[in-house]
Structures are given as structure tokens and as C-alpha cells.
Amino acid sequence: MSNAVVHADIHGQAHAAHHPALRHHFDTMGQQKEAAVIGMWVFLLTEILFFGGLFAAYMVYRVWYFDAFAEASRSLEIFWGALNTAVLIGSSLTMAMAVRGAQTNKRTATINWLILTMLLGCVFLGVKVIEYAEKIEHHHVPGFNYQWAPAHEAAPAAEGVAAEGHRKLSLTPEQLQLMTQIYFSLYFTMTGLHALHMIVGIGLMSVITWMTWKGKFDREYYTPVEMSGLYWHFVDIVWIFLFPLLYLVERHT
Amino acid sequence: MSGHVSPVGLYVTIFGALTVLTALTVFAAFVDLGQFNFLVAMVIAVFKASLVIWYFMHVKYASHLTKLTVATGLFFLVILLSMTLIDYSSKAFTPMPPFLQ
Amino acid sequence: MLDKLKIPERHYLNNGHSLASWLLTKDHKRIAIMYLISISVMFFLGGLFAIGIRLELATPQGDFVTADTYNKFFTMHGVIMVFFFLIPSIPAVLGNFLIPPMIGAKDLAFPRINLISLYIYWIGGVFTLYAMIAGGVDTGWTFYTPYSATGSNTNVVPTAVGVFIAGFSSILTGLNFIVTIHRMRAPGMTWFRLPLFVWAHYATSLVQVLGTPVVAITIVMLGVERALGFGIFDPARGGDPVLFQHLFWFYSHPAVYIMILPALGVQSELVSTFSRKTIFGYSFVAFSSLAIAVFGFIVWAHHMFVAGISTYAAMVFSFLSFSVAIPSAVKVFNWTATLYKGAISFETPMLYAYGFLGLFAIGGLTGLFLATLGLDVHVHDTYFVVAHFHYIMVGGAIMGYMGGLHFWWPKMTGRMYSEFFSRVSAIMVFVGFNVTFFPQFVVGYLGMPRRYHSYPDEFQVLNVMSSAGATVLGLGYALPVLYFLWSLRYGAVAGPNPWRASGLEWQMQSPPLTENFVETPIVDTEPYEYEHVVSREKHLV
Amino acid sequence: MQIFGIPIFPDQASTFARDVDVLYFFILAVCALFATGVAITVIYFGIRYHKTHDGEIGARIEGSLPLELLWSVIPTIIAMVMFGWGATVFYHLRRPPDEAMHIYAVGKQWMWKFQHLEGQREINELHIPAGQPIKVTISSEDVLHSLYFPAFRTKMDAIPGRYTELWFEAQRPGSYHIFCAEYCGTNHSGMIGTVTVLEPAQYQAWLQGGGLEGTLAQRGAKLFNDLACSTCHVDTGQGRGPSLKGIIGTTVDLQSGDTVTVDEAYLRESILNSQAKVVKGFQPLMPTFQGLISEENLVALIEHVKSMSPNASATAAPPTPAPAGGKK
């Protein structure tokens, strides 16, 4: 067992340059950070499949009830959707800058970028509140006396005459009432879950901002900032897919 | 060993690209491409997502294992979506919605 | 040599006695012990429901309990056994305890997340126990809509929340194992020097991480539908109940591989150790674990052949389902080949290994009947299916768990249990199990459907045989509790390597130190080398 | 088949029951071969290579590629044989012959309602003629059920919101079980019944005896007049609605430009939701009967319209694989 002895002293030297954040069961900071990154990505795998289940349900019902999905999707405000996408991409940028600040040991820059990211997150949630309020007002929330009457459209004139600008819908009001209810069930589940993830993200980041302010991070150890960055970028990617799927089902007629 | 520090310019260009692509998605939605509308929207979304993953999430500079983890997740998502379609695309009829009851 | 051994003064069990030292521990071994206690409680609770079911089925008329109570019995039996015993059993107890020492690490990659996983398991358990006390749930462990969404008025949402939360405990354990196995192996511990136990847990963790989220979102959709009145799966509002089945089985079939793969890992260890021979075809057995994990994800619709999926989809999934049978067959053949020219001894773990080999073979082979389309139409949702998955779950997963527990008990507690009583209980379990579940194959092919509170008279004799076997099985499982507890105080001192096994975990003291090894070992030998074990032995004692 | 009075094998009462059983015995034989082979080998090795002295170590055998390939390729081939055979039996099981006699089955929480074309309605009871292929179209009114005839070796789930179907041809007269095989709540185990297979002659006698208000189509005709359908759907075609004479199976073009083949599903949709697919050249004046017509009357009306067509047995909604109906 001679090599056991040899190993001891190599190990001994490694102990000397000991970063306070190095946990006892890791050998080097690099190993610890690499483990954290892979652990975070494995967690993001579970999130990908978590939202994946919803996308599978959305895909199936979109194939079945395409017309109703198109009709219901038209009732969403494109402006809010596009604005939200831009806001979220902006917050991804500020988050990336915050991680960069942590990497380069600029504490105040990191804090400012983090606060900016959280602000943009709140803007996003505010826009969602506006959209939800508009839906509640139009009774488009399934389960709470869901009424499908596309408010902003003139009621289709005579039964048989195609309202101009709309492909003649082969669906009757009863059918629409049922099928669009599926759309809005999925809409609220997906955007609700996404908003919940945003709230968790903002909470996470406020803790990270406090820790940065307390000076817990430096060039060697900024893993929590990077982890919340990965999480935030993931939440942005989910919205990148949600926006076209929910808002732009069929806008061109 | 701090991770790869990307230049600020890179981040801003990526941000610009993402904004342009968002505008492109919205614009493409108003163009009647029939069946391809969905495809175009998804291609743009996938491209935007890969930009975010590659540059913002530093996977470009990460270890092979991280890249493999990302790939595994997407592979199993594709399995979930495509194999559910095996059943739904080969069903002879869409279900009769309940009002037909 | 055994008698002059004594329990080492300092080890992980006496490293702090306060409640906080246990409840806030970051030591993977203590977390494993707490998991062991928790899942044993859940196992016996699930077992009580099983006894209730077997008593009810002893008579054709439903005269032991009312139909509703019986439905709640089999639902709680299913939910508790699947989500709170089988899925966490080997990974959370044996995996948590043994993977770090097996790869030469001090602890898992994320000890705090490991503790959180335990707390999440407890919270999930509390929700499910609340649902049980508040009147139970009667939808079956599969929660099929529309019955679970609109038909049932029992506590579906609390149970669903309990299962949803317990799912995250499984995800966190899987996540921890993947990162640990990738990044925390000792120097010299290459992938092909890893024990097959670690390979099996790596494959299990992949399935845990990739499958569990889909059942989590399915339960969220069910909860949203039931609580908020959304109509995602509600056929009356255009939803599709078959979609729920698709999303549910996308996880729940890989979940059965979460349950069996760790047991396959334990089996490889036991067969190799007790035939004193390196495993036959190491890389084939290792890769067959990965193959099972990956193929497990593309076969789920064989649970839905008669559920209204298209004929084309049924053919595709039936074809793919056979692909999963091949790796399992390869494993069984490799274990058999390992015994060739070995020095086989029949201590208790080897008895469990032999039992496992027989029962898992039958369980796996009957899976072929169910994957064959022509037969599945007849036997789907009958007792044939019940017998099949009990052969895999009880004959496989629980036999593997018991075998592993008996094999590593000396390492976990430093004490040996009574060899005689453990052999008696192993044989009782094997005999009781076969008498319980083999008649169910026959009554299944006769056409007796599952989840029946009362049944036509001609099935009675076979059901009485099954109920009789269940009592023997129940006793067989009660016995280990006695001699394991007895061994804690009166058991012979085990010493570091009572079985002369070859794993790294046998090179540390038992019970081990909190940091496992004095200093990180260097691995320079192939995995199952028994020549070196005897030489190393002299150095340690 | 029984041993000491214990039934151990179900009766073979339908044509393909024998095919399913032959397949069952084939797989049983293969599995028994493998299981006993492994068991004998394992027990023999256990005895032959039992440990003689403490510290004895087994031979150093790493593995052998040819052996591994052997027991990977052979099980794969056997598995493919099983798959192929099973798939052919399944394909046969799921393709009802065209001349099958049609029966409607509706699963409702804890009872099976069967509806013969001749008008008989039975609950948890089913009388069928032997030697005649029978197609049962199944639906459910509340939760999932599964119509299961163990003696005929066939089963199909009843899904609310959709038609599924199964078929069999009963051979041996006698009474056999009907079970519900998909858990459906409290009295799931009470949702059982007996199917009685009668000789064709006995069946006709049973029909006569049991026929209440004549055949389904006759009842449909009476409804056709009571609900004033005949005022618009005049056979001569001059009425405000299209003539329904001989319309089954033909394709009509719709107001919206699409065309649709007139089958049960279209008839059903047009009765319950008349504005959905209005035929070209007609005003959508027909009121919707959604909620006004019970399930049985709806089926009777459809049968009446079908009886007005020359080829009596119209094609129901074909469940065989064809591209999905919904546009994407």
C-alpha cells in the first residue's frame, strides 16, 4: 500500500491554498464549481421535461382543435406578448452582465445589474397581471363561468355570411366555447407556471444580491450568481417558446 | 479558476440578435405561409434558444459533460413529443367533441 | 479472527447523539439510516393494505369491507408501495450509504440537497398520510381521468400533492448521484472499475431525473383540472383522457425501471461476491443497465394497447417493448455464467440472490406475454398483469433490497445478524411469494379483472391459495425486523470485511467514519478482484 | 378446462380465441424452456461449484464475446417472432369483417347497456347468435370503462367522447362472462354481466319475443316524422333540406367548400349541430337538436336514414388508420 503514503503528501500541499468556500468533500475549487454547473444543468433537464409535458398536451390539442386555437389566440394582445419577450430578453442580457460582474470581482456592478434584472422581471410580471386582468374581465378563465364571446370582434353578421377578414369558421359558438376553453386552460397553466418560475427566480436573485452586497463572492467563488443566471436564462428560453406557441397561432388571415 | 469571461460586446450583439429575431417571429406570423407558419416560428424560437444556451449560459465554454447533459435533456423532450404524435397522427379520426354526444 | 474484533470507538453513528446532529446532518450515511427507517414504516403500512386486499379476496362476495373501502385499500397499497417504498428503497438507503465509499469519495456532491431530499420525502409522506387518514383516495395509483378529475369525491388532490412532492425527492437523489458519479470518483477509479452497483444507480438516476418531471406536470394538470375547474382532460369539455394516460405512462413505465435497476445492481454484487468470482461480461452487464434506462422511455404505450390508441401506434410500441426485454435477459445470462467455476457459498444474501434470479426471470419472461399484442388484449387489466408486476417488484426489487440489506448490514452497523433466522426468513419469503402470486397468473388468464371487490365464484380457490401465500409472505417480511433490531445490540462484531468482498466500501471500518476514508484511496485493481482481498485483509486488522 | 374442479383455462368461445391460445402456449413454452434452463444451470452450478474451503477463489473468467452475442441475438430473434405473431393476431382482432352484425354498447357507471339494431335494449345482458361476426361499437357516458369478454379473448376501453369498437364471432352456444376491465369507481366489480350465445334459430325466436316497438329503424322512422324532419327532408329533394334518400356513403359538398362523405359521424354531427357542415345550396335553417334527443333516439334516427339507402349496412366511423381529420 506504498502509494497510499505517496498520496498523503500531494494531498497535504493542496490543503495549504484553501479557499474558505471550498467544501470539505471536494478536492479543488474547479471540481466544486464543475459539480455545481452540472448539477444545475441536470436540474434544468428536469425543468425542460416539466414544461415538456405541457408542450406535449398543447401540441396534441393544437392538432385537434386548430381553428379554435387560432380564434382564441387572436384574442390575445400581440403587443403585450412581444413587449414581454423583449423585456425578458433584456433581463437575460442584464443577468449575463451581472454574472460577468461577479466573475470580474466588480461588486457594485453586479449588484446594479442584478437589481436591473429583477426590475425587468417585475415589469414582465406586471404585464402578465394586465393580461390576466383583461382575461378575467372577458370571462376567459376556464372554470370561473367561462364565456367565449370574442369581445373586440363585431359579432359575425348573418350566420352564413363570412365576416370579412376572417376565414369562414366551420365552428359554431358551442364548439368554440368548448374548444377555446381547452386553449385557455393550457394558456393559464403554461403562463401561470412560467410566472411562478419568474417569481421564484426574482426571490432567488434578491438573496443573491444580498449575498453579493455582503461580499461573499469573489473571482474564485461566484457559483450562486452563475446558478441563478442559468436558472434565469432557462426561464427566458421557456418564454421564447411560449410566445410564438400561444400568441402567434394564426395571425395572418 | 473563474469561468470564461465573455466580452460585453458579445453579450450586446447576442441581445441585439435576439430582439431582431423576436421582431422577425412577429412579422413572420402575419405572413400567410399556410402550414409553414408553425415551422418558421419554431425554427426561429429554437435558434433564439440555442443563442441563449450557447452564449448567455456559457455552454460554449463549458465541459463536454455539460454539453452532453443539455443534449440528453433535449433528446428526451423530442422522444416525449414525437412518440406521443405516433399515436395521435395515426388515429383515424379526431375525437368527436362532446357536443356530438 | 472474528472474536478479537471490536466495534471502533469513533464512527458515524456515535459522532454526535443530539437530535440536531441527526436531523441537520449532512452525512450521507445518517441520511441513509433515516431513509431506512422511513421507508420501512411505509413498507409495513403498504403491507397492511395488502393484507386487507388479500383478506377481502378470500371470498367471492365483498363481505370483509365495503366496495369503497376496498378501492381505497388497493389505491393506498399502490401509492404507498410505488411512490414511498419501491422508488426510494434501494437508491435512498443503499445507494445513499454506499455510492460515496464505493467510488472513494467522502460524501455525495451536494450533501445539503441530499438532506432536503429526505425532508421533501417526509413532507410528501405527510400529505399522503393526511389523505389516508382523511378518508383515503379511491382512484387507483394511476389516477386515471376522468374518474380522478370528476368521478371520484375522495382526497385525490392531497394524495396528488403528496406524490408530486415525493417526486422531487426522487429527482434530487438522482441529480446527486449523477454529479457524484461523474465528478467525485477517487483517483484511479475509472468508469470500468466502478462496481456494477454504481452503474445501476447511474442508470436509475438518469431515469429518475428525466422521467419524474413529466408525472409532476401531469399531476399539476390533474390538480388544476380538479381544483380550478380547467378542462384539460375532461371529455365532457373536449379534453382527452387518453392523453393523461400517455403523459402518466411516459413516466410510470420508466419508474418501474427506477424500481428494478438498483436491485439488478445489488444482484451483480451479491452473485460475484458469493461465488468469489469476477462478474461474467462486466461491460455487457454495465451497458445493459444503461440500455434498460434509455429503452425504458420509448415503450410506455404497452400499458395502453386497449385504451383506444391507434392500431399502428400499438404495433410500434409493442415492437419497441421487446427491445427492453433483451438487456434484462443479458443480465440474467451473465449472472448464471458468473456462477460457472465459482466458489459458491449460500449465506443469506446469496439465498436472496438465488431467489431474485428465479423470480426476476419469471417476472421478465411474463413481460413478453404482455408485450405481445395478441395476448395483451386478453390479459390487460387482469390478474395476469398483477402477477407480472409483483414478480418484478416483490420478486425482483424487494428481494434485491432485502439481499442488499443483509449484505451491507454489517458495514452499516458493524454487527452481524443471526444467520439461521435470516435464512429461514429468506426461504419463507420465497415460498410465500410463489404461493401468493403464481396462482394469480392462472386466475389472470381465466379473465379475472384487476381491482375487483367481488368476483365470480369459480375464481375462489385460486384466490384463497393466493391469500394463504400472502400470510406466509407477510411473516417472512416481519422476521427480519426482529433479528435486525436484535443484532444492533447482541449481534457478533462484523469487522471491516465479514464477507471478504472486493468493493472499496469493504476497505473502511464498519461502521465507517463520518468521512469514510482516512485519506482518499487510490484504485489500481479491477473491480471484482478476490485474490487481493485476502492480502489486503491482513493489513487492515 | 378444470383440474380437481378448479378452472385453470378459460373456454374458447370465439373464432380467434383459439389463435390467441396457440400464441399463448407458444410463448409459455419458450419462457418455460428459458426459465427451467436457467434454473437447472444455476442449481447445478450451485452444487457443482460449492465452496470447499475458506478463502477459495473462483476461476478468473472475464467473459466471452461470442457467448454474449449468442444470448443477445437469439432472444432478439425469438422476440421478433413473438412480436410478429402477436401483431398478426392483433391486426385480425382489430379489423371487424364488413358483414358483421352491429351492436351498440354504452358503458355507464356500473352497468353495460347493449342496443340491438332490431330495437332490443339489454342491461348487463347480451344475447347474440352463434356463427355470426358481431361488431360492438362502444362508448361511455361518464368515466373510462372497458368491455371485456374473457371467453372471446377480446376487450376494448369505453372512452367518453369517442367511439371505440371490438368484434368477435361466437362459436359455441352457452353463457359467458362480461366484465368491466377499466377501474371505474365504487361498483366497478359489479359492472359485470353474461353474454348468452344462442343458435341462430333460437336467436330469432328471442328477437321476436323480445322485440318491443319493432326494429331500431322503424322506431327511427316514427321519430323522423314526430320531430318534423320529414317536412324539410323530402325524398323528392324539393324540401328546404337535402333529400336523405340513398345519401349514405355519398360525398356532398359543403357551404364552406369542403366535401364530406355522409357516414354515421356526419349524420350525428349534423343532427346535433346542424350549422356545423351545411350542404352547399341550402340555408342553415335546421335547428340544433343538441340535448333534445336521447342517445337511443339519435341512434334510431341514424338507423332510419341508413335504412333509406340501398346498401343497408353503411360504414360507421372507420376506426382503421387513416390520416387525422383535423386540419393543422
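All chains are identified by letter, namely A, B, C and D, in their written order; residue positions are counted from 1 within each chain.
Here is the rule we use: a contact is a pair of C-beta atoms (placed from the backbone, for glycine too) under 8 Å apart; a residue touches a chain by one contact, two chains touch by 3 or more.
Computed from a predicted structure; not experimentally measured.
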Q.
Farthest chain from chain D, going by mean C-alpha coordinates, please.
A. A
Q. Whose C-alpha centre lies nearest the centre of all protein C-alpha atoms?
A. C
Q: Please compute the C-alpha centroid of chain B, do the same for chain C, then give the distance between them in whole Å.
A: 36
Q: Indicate the whole-number Å distance between the mean C-alpha point of chain A and the mean C-alpha point of chain B.
A: 13
Q.
What's the distance between the Cα centroids of chain A and chain D, rounded to whole Å?
A. 44
Q: Would you mind listing the residues of chain A that make contact with two or more other chains?
A: 34, 38, 42, 45, 48-49, 52-53, 56, 60, 63-65, 174-175, 178-179
Q: Mark out which residues of chain C touch at least two other chains, giving numbers and ranges.
A: 182, 210, 214, 235-240, 242-243, 246-247, 250, 310-312
Q: Can you tell me which residues of chain D touch two or more of the remaining chains?
A: 159-162, 273, 290, 320-321, 324, 326, 328
Q: Please name which positions on chain C make contact with chain B in the complex.
A: 182, 206, 210, 214, 235-238, 240, 242-243, 246-247, 250, 297-298, 300-301, 309-313, 316-317
Q. If you look only at chain B, which of its residues touch chain C in the complex?
A. 65, 72-73, 76, 79-80, 83-84, 86-87, 90-92, 95, 97-98
(Q) Taking the touch rule as given, give the residues of chain A at its contact with chain C in the complex, in rising order. (A) 1, 3-4, 7-8, 11, 24-27, 31, 34-35, 38-39, 42-43, 45-54, 56-57, 60-61, 64-65, 142-144, 178-179, 181-182, 185-186, 188-189, 193
(Q) List the residues on chain A that touch chain D in their complex, please. (A) 62-67, 159-160, 168, 170-172, 174-175
Q: Mind listing the chain A positions that touch chain B in their complex?
A: 29-30, 33-34, 37-38, 41-42, 44-45, 48-49, 52-53, 55-56, 59-60, 63-65, 78, 82, 85-86, 89-90, 92-93, 95-97, 100, 103-104, 174-175, 178-179, 219-220, 222, 226, 229-230, 233-234, 236-237, 240-241, 243-245, 248, 250-253
